[in-house]
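The following pair of complexes shares a single chain, chain A, combined with chain B in the former and chain C in the latter.
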Partner chain A sequence: MDLKALKKQEHQKRVKYGYMWAFFCAVLWGMWYIPGTTVWVLNPFDEMYGEIAAGSGDGMALVIVAVLITAFNALTVILALTVWNGVLGKFGEMKRTVKEFHPCSKWFFLASIFGGPMAILGSFIAMGFVGGAFAAVAALMYPVIGSILAQKWYGEKISKRAYLGIAFIIAGGITIFGGGLLTELGSGNVAWIGYLGGLMAAAGWGIEGAIAGKGLDIAEPDVGLTLRFLGENIIWWIIIVPILAIIGFPMFKYAFMAFEPLTLLVLVFAGITFGFCYVTWYKSFPLIGVGRGQGIGNLYGLFAVIFIFLFFGDVPSWTILLGGALCLGGSSIMFSEDTGEMESLRGD
Partner chain B sequence: MAGNRPIKFRILELCNGGKWNYEIVSQIQKEYGLKGGFHRDSINFDIIELASGGMLKDVEVKVDEEGVYKKGFLLHKYELTDFGKVRAADACLMYV
Partner chain C sequence: MVQTQAAMEAYNAYWVNSPLPAADVLWMVAILIVALVALWQARTFVSQF
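For the complex of A and B:
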């Protein structure tokens, strides 16, 4: 075989694997909203909600329960990722990477602040207050935040095409948020904090991506992601959960009660889907470029809506469907652009 | 201080003067004590990641006729880019 044919073959192989990883990411990410929504009605979280709501009101109860759920999500994610790194034989690399505080781990820990207490907590709050489909579709706005930050921060150029994509996504976002709000305003009962959660998810993931990228490009993604979740576990289990317990919320009482089979199963399911959606996401980037990887990954919004319909029989309102379609359209416009990375991948 | 810093740091160091992927892979395997086909492919994927991140660029390609890496497959020669030098400097790789 000649050089040209071999080059083409190698390129096609890479692209094929890249799309496969990105597609897995979308499916896993979409699936995550199933345990994420289910866990709210399971004990001990249901009981905990009742106890705190009786003393401090519904809003406070939801946020505190969301904190504990997010903390458990972080715990099961790191378990899944530890097994993954063990299988790959990457513990040695993890030790080497964590020692590099200045170039690497600093960014991972910083990313975990925005990824955890902002994005994932926000998602759980949105799932609890408004619903899984809303939470999934609202977070589709994260590329807008990510690309604006990248422009301000590293001076990345935003092309006309990307601006068009951003406009589509913002229109989609307004439809999703506005549609739900209008319906609720009509009924006089607005779950403001749930909508705030949706915004937190979009902003948090956008910021996390921009920050984590700085450390991940010179580290092993499998290792880097594990360290990012290590950071999140420290934030929840060493800082926030104990502080809430000291203030007087029954954090540890219910945390110990989470060890019942069904609850654990659902939490582990959340950990596996969430952990591996991050892993597959990062595996796709070098093969098809960040743009395409994120574009395909964003199909998670569609999968989440489908899974939620299959498992819970919830048909989302038309504003969520229309808004989601606009967001997906916008991300395809944004991400179908040929990137410089693709050039270097082709090796022409 | 071979074998003490993350693998990608070492790859950036090695590519400073331009190097073939099979040379990088075998040197890393030796320095870090990573044996076998799985680690070989995983190190090669690290190189691909660095290239797709714009830190390395693919400067030359040839077919692996003798089987120095994988017979019948392509071999790539990589060089550190300017962006790669900046990122390497962030990681305190001093000789860059």
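For the complex of A and C:
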């Protein structure tokens, strides 16, 4: 076999792995909705919601409880990523990356600001002030922002075929959540802050992906993502949770009550799914590019519906089946793209 | 904080309509299987590149 054929084979293998990581991301993200939904009814979050809702209203209670759940989620994600990096033997690399703040780890701390407080909090604000379907649809738009930003910032190439695939997956996602979206928007009294939350979610995750793509030029994805969550933990536990406690919300009172076996078990599973989904998302970026990685990752909407049906027994309606078909069509368009198109992900 | 009866009822109600047996445990098993496969693939990836 000549050098050119070997290079081509190596490239095809990298693209195959890239799509596989993005697909793992979608499956695990879909699975996250099981612990991510059930944890809300468990104490201390259930009682915390009741106490805050009595004084400040349901919308505010949802956002404040979401902050505490997200902070715990970030904590259990770090535990899951410690296991991941331990198994892969990446602790030495982590030490090296942390030390190289200026060229390297600054990108991941910056990514944590956009992915954490901006995207996740924005998503919860959209959920609290408009509804869950609107929040899901808004979040599905993030590959549009991510791929445009990656193209303008560092010239990431994205083919027309990949754009078509992303468009199909987004249309599929909108169809999946469309029925709920129309009901929510039709209710008439939607607060503007809910739409701002939706914009924060789409922009936050899109910008995070583009920033991560830049940082991953010189860092390992497994290590880079762990630093990104280290940054997110600092933001929640050192900045936002104490500020909310100073304002008067019972943050620490309920945070200490969360150390209950069932609550911790559900949070640990949320950490495994979220941590592993995020690390596979980051791993896909250097292999297939930010746009394709985010596009395939968007299949999470379809997987969430499948897992919710399997474990909660919520039967999907025809719109969900139609949306699922569009998602599958979009991913087929992307999977079947000639890998030669992706020989170089940047410039010409 | 111990779970209240209302919290446990709400939690258990999630699994009642599942088409799968023992869904309250099976979701954790499913997550562990997918997570372990991902970790195994990551090990393979490290050894190949």
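Quick note on the criterion: the second predicted complex is superposed on the first by the 213 of 348 C-alpha atoms of A that agree within 3 Å, B and C clash if a C-alpha of one lies under 4 Å from a C-alpha of the other, contacts with A are read in each partner's own complex, and residues count from 1 in each chain.
In this section, a contact is a pair of C-beta atoms (placed from the backbone, for glycine too) under 8 Å apart; a residue touches a chain by one contact, two chains touch by 3 or more.
For clarity, every value in this text was computed on a predicted model and none was experimentally measured.
Touch criterion met: A:312 reaches chain C, while chain B stays clear of it.
Contacts of A:87 after superposition: chain C is touched, whereas chain B is not reached. Once the two complexes are laid over each other on the shared chain, residue contacts for A:269 go to chain C alone; chain B is not touched. Legend: residue contacts after superposition of the two complexes on their common chain; A:34 is shown touching chain C, with no touch to chain B. Shared-chain residue A:3: touches chain B; no touch with chain C. Once chain A of one complex is fitted onto chain A of the other, the partner contacts of A:243 are absent, as it touches neither chain B nor chain C. Once the two complexes are overlaid on the shared chain, A:286 sits against chain B while remaining clear of chain C.
Touch criterion met: A:46 reaches chain C, while chain B stays clear of it. Counted by residues of chain A touched, the larger count belongs to C, out of chain B and chain C. Comparing which residues of chain A touch chain B with which touch chain C, the overlap comprises 14, 88-89. Within the complex formed with chain A, the chain B residues making contact are 4-9, 12, 32, 34, 38-39, 42, 45-46, 48-55, 57-58, 61-63, 72-74, 76, 87-88, 90-92. Interface residues of chain A facing chain B in the complex, by the touch rule stated above, are 1, 3, 6-7, 10, 14, 88-89, 92-93, 96-97, 100, 102-104, 217-221, 223, 285-287, 289, 340-341, 344-345, 347. For chain C in complex with chain A, the touching residues are 1-4, 6-7, 10-11, 14-20, 23, 26-28, 30-32, 34-35, 38-39, 41-43, 45-46, 48-49. Those residues of chain A that touch chain C in the complex are listed here as 13-14, 17, 20, 24, 27-28, 31, 34-35, 37-38, 41-44, 46-47, 84, 87-89, 222, 257-258, 260, 262-263, 265, 269, 272-273, 276, 280, 283, 307, 309-314.
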